[in-house]
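Below is one structure, written out as structure tokens, with a few remarks after it.
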Amino acid sequence: MAYRSGLIDLDKGEISREIFVDEAIYREEQERLFARAWLFVGHESQVAKPGDFAVSCMGEESVILCRDRVGQIHVFLNSCRHRGMKVCRYDEGSTTVFTCPYHGWSYGLDGKLVGVPYFKEAYESRLDRARWGLVEVAQLCCYKGSVWANWDEAAPAFLQYLGEFRHFLDLVLDGWDGGEGGTEILGGVQKWLIPCNWKFPAENFSGDSYHNISHRSVDLAGIGPSGSNRRDMPELLAARKLHIALPERGHQTTSFLLPRAAPVSAAYQGSPVVADYFQACEEARRRRKGEWGRMMPLVGEIFPSTAFLGRQPRSIAVWHPRGAHQTEVWRWYLVDREAPREVKEYLRDYYIRYSGPAGMTEQDDMENWNYAHAASRGVVARRHPYNYEQAMGQEVENYEFDGFRVPGSTLDITDAKSSEHNLRNFYRRWAQFMEAESWEALAPRPDRAEAAE
Amino acid sequence: MAYRSGLIDLDKGEISREIFVDEAIYREEQERLFARAWLFVGHESQVAKPGDFAVSCMGEESVILCRDRVGQIHVFLNSCRHRGMKVCRYDEGSTTVFTCPYHGWSYGLDGKLVGVPYFKEAYESRLDRARWGLVEVAQLCCYKGSVWANWDEAAPAFLQYLGEFRHFLDLVLDGWDGGEGGTEILGGVQKWLIPCNWKFPAENFSGDSYHNISHRSVDLAGIGPSGSNRRDMPELLAARKLHIALPERGHQTTSFLLPRAAPVSAAYQGSPVVADYFQACEEARRRRKGEWGRMMPLVGEIFPSTAFLGRQPRSIAVWHPRGAHQTEVWRWYLVDREAPREVKEYLRDYYIRYSGPAGMTEQDDMENWNYAHAASRGVVARRHPYNYEQAMGQEVENYEFDGFRVPGSTLDITDAKSSEHNLRNFYRRWAQFMEAESWEALAPRPDRAEAAE
Amino acid sequence: MAYRSGLIDLDKGEISREIFVDEAIYREEQERLFARAWLFVGHESQVAKPGDFAVSCMGEESVILCRDRVGQIHVFLNSCRHRGMKVCRYDEGSTTVFTCPYHGWSYGLDGKLVGVPYFKEAYESRLDRARWGLVEVAQLCCYKGSVWANWDEAAPAFLQYLGEFRHFLDLVLDGWDGGEGGTEILGGVQKWLIPCNWKFPAENFSGDSYHNISHRSVDLAGIGPSGSNRRDMPELLAARKLHIALPERGHQTTSFLLPRAAPVSAAYQGSPVVADYFQACEEARRRRKGEWGRMMPLVGEIFPSTAFLGRQPRSIAVWHPRGAHQTEVWRWYLVDREAPREVKEYLRDYYIRYSGPAGMTEQDDMENWNYAHAASRGVVARRHPYNYEQAMGQEVENYEFDGFRVPGSTLDITDAKSSEHNLRNFYRRWAQFMEAESWEALAPRPDRAEAAE
Amino acid sequence: MSERDEAITRLLLHREIEEFLYREADLLDERRYEEWLALLTEDVRYWMPMRRNVKFGEESREFTREKEDIAWFDEGKDTLTRRVRQILTGIHWAEEPVSRISHLVSNVELAEITPSLAAPGEVLVKCRFLVYRNRVETETDLLVGKREDVLRREAGGWRIARRKIVLDQNVLMTKNLTFFF
Amino acid sequence: MSERDEAITRLLLHREIEEFLYREADLLDERRYEEWLALLTEDVRYWMPMRRNVKFGEESREFTREKEDIAWFDEGKDTLTRRVRQILTGIHWAEEPVSRISHLVSNVELAEITPSLAAPGEVLVKCRFLVYRNRVETETDLLVGKREDVLRREAGGWRIARRKIVLDQNVLMTKNLTFFF
Amino acid sequence: MSERDEAITRLLLHREIEEFLYREADLLDERRYEEWLALLTEDVRYWMPMRRNVKFGEESREFTREKEDIAWFDEGKDTLTRRVRQILTGIHWAEEPVSRISHLVSNVELAEITPSLAAPGEVLVKCRFLVYRNRVETETDLLVGKREDVLRREAGGWRIARRKIVLDQNVLMTKNLTFFF
């Protein structure tokens, strides 16, 4: 086994470069992480009507997300059971059946093997079609429009897997006004390749609050929603900036927690309509969500490979591994379904100039991930672990601010400015996955207790 | 060892995807298959005169096919014994000696090391030139114009290796009129790369009678010799369509067996000259070949990597491995040496539009092999074996039709329409090669018996 | 372990192809050779002033060569200690500090970690900056302008590592007139990729006196300094041509040794100024250097990957490994610092047309290395070792000519014309490095004796 | 105007446009970004949609929609100016060190001339592009596709009023797009 | 006719031919195959020989011979029409989903004009081509070489009477050739 | 001379130069090296500098200096002639078997015409090049960049007096440069 404990030493705050550049460890990750963890697959609105399908990925593999005749959503491995042909080579569309172009086996929208040429003549009707349908994920969960899947039936249900992190995902999927799942995605999923290990973006979105210098150029150029700098949120001056991590789950976020009596921000001065819209939403949200209305998730990572931006550009990104040295990013952009067209357009423009390969902010992240990875591959470099000491030991359980008790383990970076608490939390969980033989050993203690009851 | 029994389960009719996508298994194949089996190298007409040479391949490696001064044919590893330089970098030509461009060692057409610069001065004439000639294949066999080679001196002679499959090869190499080795090759060997494991084309040509849907578009476009559909052979309506496989040899073919009193086809109506020619040949063949004149090999595979098309486009193809995920195909096209020019041109035109990367038929095969392979690489996909159950157990020994006893194990697909009998036969043999330490264990029982006598 | 003794059999003069094409052996080389041996990094004149830097390579890894404020030269791994980012991505320049673009850690010219954003706030000043400076090489040596480095502190000092080979390096680094380190480099380091294992060029420059045929075309075209053939040195007719190797060190050279009373050459007739210059230098050198003034190093290799050409084109080349199948060459060109401009220009023109990817001589070498490597990768090719028998056993210790005692083990090829003595010496040392667990076992006996005293 | 004269006029215009596009390419490849910005009209639209793999006959779904869906680029002059400003900070790491870029513009055709060839005010120009980018040591990108430009004649000469970039890729095989097409 | 006038005539013809070739490329890249077929004469020859590595001085052996040996393509209008028909079935898997293709045509030169520049009936045109193909997710092919076209003036305008395609490859590095050059 | 006439003159010259460059490319791609040499003036300079990665604002350090530093090429006619002679020996292994090469020349612009458009004696021509090389089985190189040529009108017509080749690479990703740009 390529992975060995010791590569991750969180007492010293050191992590070996091997886990990023070693190819054997990478192969183990495919089995131990991507075939066992919950992965984001897409959005219900991509398959709005029965018969709709959209191709997605889970780890290295192509999957089909579709809605069957009775409206139920499925996720299947995109590979024919006969000789493995990729049965669906379109990014999206609508169909009644997936017919394999090699020998013509066809599968229903529910994955069942419905058509087998010469079934009677050549198979004498003896092929057990029930056994040879498309490989379906072991577990599927549609949550407020988002679709998640897992290959391991021993894994806990999605919401249990999320634990209290659910609140943060809610803040991403609900409308800005707090309306239950009030979001929709903009058309078009961005897909592009980055020459680095998938964990570079994963740790970055887990809450790397330290890489300001990366973005200094865009701050100078100024692309913020109010046209000034990259992101501007006056109301946050009074807020606490927190690193919030769920131990034993591997989820973490950088969020702002507003005081009870926070002024409602006056952002987006660039456009009155937009400004008014957000102002109104702001108020509505606080009313609707009560205490949680004070929480503003900036960025976060749901273990292992799903990231979100909670404010603007509001989006969900997945880091698909493409070998130890390459990552394929897919990103979906979210807006309030009920928002006025002008608001959607305004946000869309901002999203495009901020995110993705043409995004003035992320361009520099990708440059750094690329050459950080490249410069870590050599035999000498590998002898020198990365440093994750930042604000080590400063986190607290049950962090409270102005009457709000924050779940999990929190590190207040309002004054500390930055910490690597979230990153340590991510890799702690990563190591557990690499070591555990099964979900037996992976289920977080609280859940096990629960189960025991 | 990467290969392990169990990957091939022919009782269940299931084969693991590992054998197609695993790189360690691929490396073992190079030693166990390609360095021990008989491989097609080329055609005598490529080296018609003494001094002629043509470069070819055996597995991953370049070899030189040439004819020496006394007219004998040789096959050598295309690598200098001194420092490995590729001594011949031309596809074909004529020479008296192969001189290495690095330090000038030169080798005769018989492979002997004939020239060594400074042999007296620097080697004091002590270099044992006899030991350092070009590496020659352990066994060579020229059969009716085709040239075959084998790196393993423990392997059985080519004709013994072929066994009764020789009759089918005869039908490919003899003239259409049954004249002994009456074929020649058209100028130009097609060479191209496909992104899939070499066994995809190998199994396809072993007799994949099931992939009609692959070719539906070309059937609609219609490119048949009579201009109608892809291939048309009215006379075959009365024939039996058979999957014929030689157990313990790994050779198999899809062939038609005509009834004794078969009408002679009236094909090629597009061109009278061609139609007449084939009509005449047809009759001559049945006369000359007697019973075997009733056999019409459509497609076949000589284990492991040589395929043939027995009718039109009459050709021989070799699947050269280029890593686990890529294959280089070489294809030679055959016509009757004595055929009128118009017939040769007619066939040539048909061959070009039918076969190869620009062939309207094979284009779709390659698309399917490409994405069947690609979609089988992931960790989840690898858990799900391919299905080879088709018509399992329906084969018979000593199949007989209208007085003709077919060798080996036969499955009549005239009514069954299709079967995977041939494919199972191919992989059964493949597994034997992967498991056997030497030819001791590989020699088919009948041959061993023979040997015992 | 992939490397195993037996691959190198110097009694028989045979070396397995595995050591050139096997990827596991390649990976071992990175640890055992490149992380333990002395490597050429650059020239002091590239970093003339404090603050100057130039990026270089050691094995696969990027390093920074720079001169600190107090004028001392350093070599650092070009990778940030925090997350590995390549801190310097410019080929050369001048700076006061290396600031990492990812999170802004900055390092002084002495490698010290001098800037850590939020050091107080986020690290509570607890980060031990002394431990997290840039990784510096264990040993560095500046010798007559050349800069050498070594990752292993257990290695002997550079001059001890060189042993008596130092005299030959002197002849490359001193002026043509024998003036101590009288050379400078021309602007611009040539860098290019060759598709072959790094040992092909390494053995070639160790003294492959046998590949004349490689260069026959350039000899015909004629590009010599006197415009006639490739290289012409009339005065050498009276000289002895020697293969000189230092056993247990792995350094070797092909050099000419002139008789005491050698005529001074009348070369460069193309240009009087140049001719006069060299004539004058010639005389001066013999005066200055005495006996060693009679030694003319043509080509040589300092184990493992630094090569030099001692005459024209006077240059130093390093073979950087880029995977088992690719090499990146870096080459620096030397001229006498004090030479008249016309001489420098004359030489420069000659260097450019002779060396490098556009060099009419080396173009053919690279072609041969490329296809010698490629044709050695297959399973059958690997069964057949390369032959290194040439002039085996003809070397002598304490070779003497006209009163000059040559160090190490010498083989006179004046009459033998060629030998593989140097190459055997190179691989003997290579095997020692692959086998030795530490420098304990690697230190040459003479040095150990020394040490013992 | 004789047919021949008209043909010549057409020819001259074609050359004029071609020359404009080549000089524009020079400005980009020589990193003279501010001069390049000056070639864009104030109301310029710079759009590069994303492309999907769709079934035969469903071509309408191939491209993401302008001003509706997400795109690689969908910009006006303001953002383009900010992009230039970012590069010119000298600390836009994705372009530090700057890329070595060549724009090959070929198959230039005037698809539409309005109001008239005699007095051309706007021209719709189609071409193919090949953008080659090489950075740092061996990082290399090759981007090929089609471009549809609307050029407008203004006081200072021709200006780019609209550019539609159709890149022949689905998954973008370049880590970032820190350059212009 | 003055020398200048003749030069201009030559220029106009050159532009006319160039325009023809660019528009043809548009038809191919926009998958307007039937319109493309209409640009071929009834007796069109479409030939793409294979190439061998031969010794210096044996250039005559480099190409497979037309109408004699095997080639990548050696077609008339009938087969080309069938190829188009096959793509248009929508189930030609090798083109499902359809490829994203760009034809870059450059170095266009009129090598021969018959019977005369004044009344050109046939023109032999030489050019270089770069065909970029991208499919599905990241499948990519780059094919570069030379083309020799014989264009014939017919009622409807110029038509392609012959196309010789010289691809700079030996082992074809593309799994299939489901497109036109 | 009317403006239109001058424009036409310019056009004719542009076409003349373009044609010259295309025919030159033909000579190289058809391996007619001696004819190619005849296109070079006796005092031709053929220069291809190396390129460095430098910090923003330090562009002056980007290129190695002509006649000062090392370069990939820095030649006169004598060396170029010897290079041709070497290939023609038939035993220049790096070109045995010969490479399959295509020169794509695009973005041709006349940057400077001296002494005058009316009587052009020398022309500074800028263009982009794409050189595609394929050898033996699958060995492939793609070299892209810019070229600046000075063409001089001599008795026999236009000649190349100077060629500056700016390749968009830092580490040369080609094992050798046995061909011309």
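Labels A, B, C, D, E and F are assigned to the chains in the order they are written; within every chain, residues are numbered from 1.
Here is the rule we use: a residue touches a chain if its C-beta (ideal position, glycine included) is under 8 Å from a C-beta of that chain, and two chains touch if they have at least 3 such contacts.
Note that this is a predicted model, so its numbers are computed, not measured.
Counting steps between touching chains, the shortest path from chain B to chain C takes 1. Number of steps on the shortest path from chain D to chain E, with steps defined by chain touch: 1.
Common neighbours of chain B and chain E (chains touching each): A, F. Taking the mean Cα position of each chain as its centre, A sits at the greatest distance from chain F. As a whole-number value, the distance joining the C-alpha centres of chain C and chain F reads 34 Å. Averaging Cα coordinates per chain places chain A and chain B 50 Å apart.
Here the CA centre of chain A is 51 Å from the CA centre of chain F. In terms of their C-alpha centroids, the spacing between chain D and chain F amounts to 27 Å. Annotation for chain F: residues 8, 11, 53-55, 91, 93, 96-97, 104, 106, 130, 136, 138, 142, 170-171, 173 touch two or more other chains.
Shown for chain C are the residues that touch two or more other chains, namely 89-90, 101, 193, 214, 364, 367-368, 371. Per the contact rule defined earlier, chains pair up in contact as A-B, A-C, A-D, A-E, B-C, B-E, B-F, C-D, C-F, D-E, D-F, E-F. Against chain D, the residues of chain A that register as touching in their complex are 89-93, 186-195, 214, 216-218, 220-223, 328, 333, 345, 348-349, 351-353, 356-358, 360, 362-364, 366-368, 370-371. Remark: chain C residues 89-90, 101, 193 touch chain D in the complex.
Of all the residues in chain A, the ones that touch chain C in their complex are 17, 20, 208, 210-214, 364, 367-368, 371-381, 384, 386-387, 389-391, 394, 413, 415-419. Only residues 30-31, 34-35, 58-62, 77-86, 89, 99-104, 117-118, 121-124, 126-127, 132, 135, 151 of chain A touch chain B when the two sit together in their complex.
Contact residues of chain F toward chain C in the complex are 48, 50, 52-55, 58, 61, 64-65, 67-75, 79, 82-83, 85-87, 89, 91-94, 136, 139, 170-178.
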